[in-house]
């Protein structure tokens, strides 16, 4: 739990559907175990961190918003754009701070690119290219309830695209294939996918995903602008290079997402705590969560119909 | 002229619409100046290199094929797929060797990737990503007669896609914008473009082009396969890195295509000469020229209609 | 304090010549403030971490060893090789675990190189090259009491050389100049230095140091062996590369040693805790501390006399 | 022969102790076969290229200088510094242009570094580091007549050091071992060597050589200055990177010196031809040849005595 590393925050209570898990975290952190209802009713709690299964987010967001708690919610907010809109309504009605946990915005490399775009280093953004490949596919059982690759995996890239384009996509074209594992295809999903986004002013974003990469967790972003290019290369396991008869060899990209994005997770929760304490709106907002979900829905539809979908 | 560097070939004669150019090359190379008709009728000439404007290719190919000359022809063979088919007919009827000069196949880096794919190093090809950006746009006058970015510039990438996919694309989706220069848009063309190709077995290729890159002639290719990734990085002006207060700085990518692809041009013409001397069919063939043109036509149509186009 | 991040260890008490510092750390960590004498007499304390000025190490080591505490001691153990020998005697007489805190052995990159040498990946070690450059020189007041660049700064590299050579140096040749700041020369020290070490079997190590590097904290190591080369490149602030008219630019090397070696500090103290708990000898040992100091003494003498010095 | 690629030069005649070799080159190039005496007496020859065994240089230089020919001479000019001084005398007495063929100064990467130092990009030069490793050792027969590693191999690096330091070395310390092949040691030579050079103002240069590198022809240079660092990395066989289960792998460094330094050879001879035609003194001069030889002699002496040698 990154929250334990934020010196200005205190973890007061934990709840978990599995009591043993709650107990273990409580013991490690010095927090109490309370029920969800008790947490929502607690005066000594200012903010809640929701990292439960997606289908529980809706109710928890409603309860927390009504209780006036600041909310940090794992992505996706919900699988249904309409239900996310209802969450937006309750969050806005109760005026509570809300952060949709698109952690990659907080990766020091990607954040650096966005900041430099904002400073004008590469002029106008023209082409964004995002490549994300997981080391290996999740179990088929997970695939079946995931909502599909566009909503489960590429949604991170849709948020990254919005973050870097600085403009809303207006059209989505998607293709996908089950090349990694036929069972993924039989489950109605794809494991290899590519999307093209276009904005009203003509900016273009290309995204590709694969559920398999023998060489690590492949996470690259590049932005071509009118004055130049910014790109973030992979994070490798170490900086060692071996030169032998077979050439020059570097280590794999970091394999495990918790390790790859460790700095991002800490920066994300720190930003949330600071924003809440300073009375500022955290970012990405719940609306950012909605927009990414809308793109994911459109991509899913495009891949099924073969037609580009307007947003 | 790379042909002068091929020790097994002799440049016998040159023809040029501008007599002074023919004369200059003749003097430099020890070749004679002859008319096109005389070249076609010459018994001491086995092969012709056609690097004239595109609209002259059709007649020259017909003349050379009927004269039994081996033909090296600059891309594109013709702007019309139907006329290329007619060229294929005359080439096949006269059984003459023919090479369509997609020089990039002969770049040592891209050729290395293709060879390693063929050897199975990365298993099955799944995603091909091609990025091509020119240092700066050509004159508007050139743009107007170019046939558009897909036929003029991205056609190289379509051929590269076929070279690396090892399978014909069956569907093309294209988008484009005039972001570099509004005059390009006014001329009916785009300067920033992206294409998605898909094959029957589900392989995917993403290509992006820009007519401008401040950092040099950007030419990158990568292929994601079931067992790993192969990618060719840019060729830089030198290997020097400067480390100063502003960071670690390397030289730009080579800016000029003749310098960037110098090794490719030499390798290409050497391959043509060897193939002709050995009685083997040179590659890429005239059919490869047709297929790339068909994809370019489809991409042009897709960008205009917003619909994916089947091949 | 990295010790706070080791879950198997508990910080019981702190002592500091500045009571406020002790108090601050105690409050942050939940430890008590005790006097040095009280700590040495405490039954609830198994190990001590000595990170006080060098001239206090001798007495603290003697006290801790006699009290039977495991000892983690900042480098250098002492400025005098003879006094280090006395410390070795007391540590051995009381049979207490002792770690000399040459943190760089625990850097994941350098540790990876050493492990791969041990596994035989590059065959026999032949040439070790170490480059260390600090971002900027310390104050002259620090320089004056530092013992000189070989004992203060290059001592880390001498330990790294021993770590990677796998064999004791038998001869030392050193040169040095005051090129960064004449005041360093006036203080009797140098700020730019180079050393050659040779071992009995003929292995060679070259080390260079500078007190200034505009581009960050430059820390590189490479080992050339009979079968190949292993090298650790710098750790950069991020993985972003910008390509613009001026070339391809990456971020500086991390500037601050606490950040550059963060992982090393954590790994070092974790190793110490594990070794003490498992009843194993931690490494690097106090003898390693002595050997590095002896090389530093010899290098100092060599730079002053212009003669290679035998060890 | 790079001279054949220089359009402003014409190869008039060739001489070779092996008549068949002379004949072959003559046929390929259109030049005549003449005796050495005839060449020296030829009015149609302005310059000679001496690439014969080292022990023949002295007589050929004398003959060519007296005949008023410009001289391009392979390094080393001679194994004896005294005999080089005699060559300097005859060259100066006859006022003929002379280039000592230290080809590496013309490598585009190293030349780029030197030019940028001259422009002040990294301020004052402080530390130069040069690493040269051959792919594999020459035959023992060659070793025996080579003059030793310092005169045969590291002499290139001594010239590079002078080129980059911009100041004469005044002291040399050298160590060497026979680690690659005991037979090299039995022949009285070493195959692994390291040298430290110091200049009057305190600049330092470290050089290391090995006769073996499994990963290609390893040729790296770096210069640390008051404002930053310039370094030239190896030239690899291609730009392809493969990412697989075993990490990220690039091609070896180019293995063969003719290929590695192809651009340097062409640039060198072009510079010689231009200088002769423009009436300017080519560089590196015969004095540069002497200075490198003097350093090599001093290094040989240092490695044998264990003492630093003053120049």
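Lettered A, B, C and D in written order, each chain numbered from 1.
The definition used in the following text is that a contact is a pair of C-beta atoms (placed from the backbone, for glycine too) under 8 Å apart; a residue touches a chain by one contact, two chains touch by 3 or more.
Since this is a predicted model, take the numbers as computed values, not measurements.
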Common touching chains of chain B and chain A | C, D
Compare the CA centroid of chain D with every other chain's and tell me the farthest one.
-> A
Whole-Å gap between the CA centroids of chain A and chain D | 56
So, in whole Å, the Cα centroid of chain A is separated from that of chain C by 40
So which bits of chain D are touching at least two other chains?
-> 213-215, 218, 227-229, 243-245, 251
Would you pull the chain C residues touching chain A in the complex into a rising list?
-> 108-109, 112-113, 116, 121-122, 227-235, 237-245, 251
Within the complex, chain A is touched by chain D residues 213-216, 218, 236, 243-253
Complex contact set, residues of chain A against chain B = 124, 126-127, 129, 131, 133, 171, 173, 175, 177-180, 192-194, 196, 198, 201-204, 206, 208, 210, 212-215, 218, 224, 226-229, 306-308
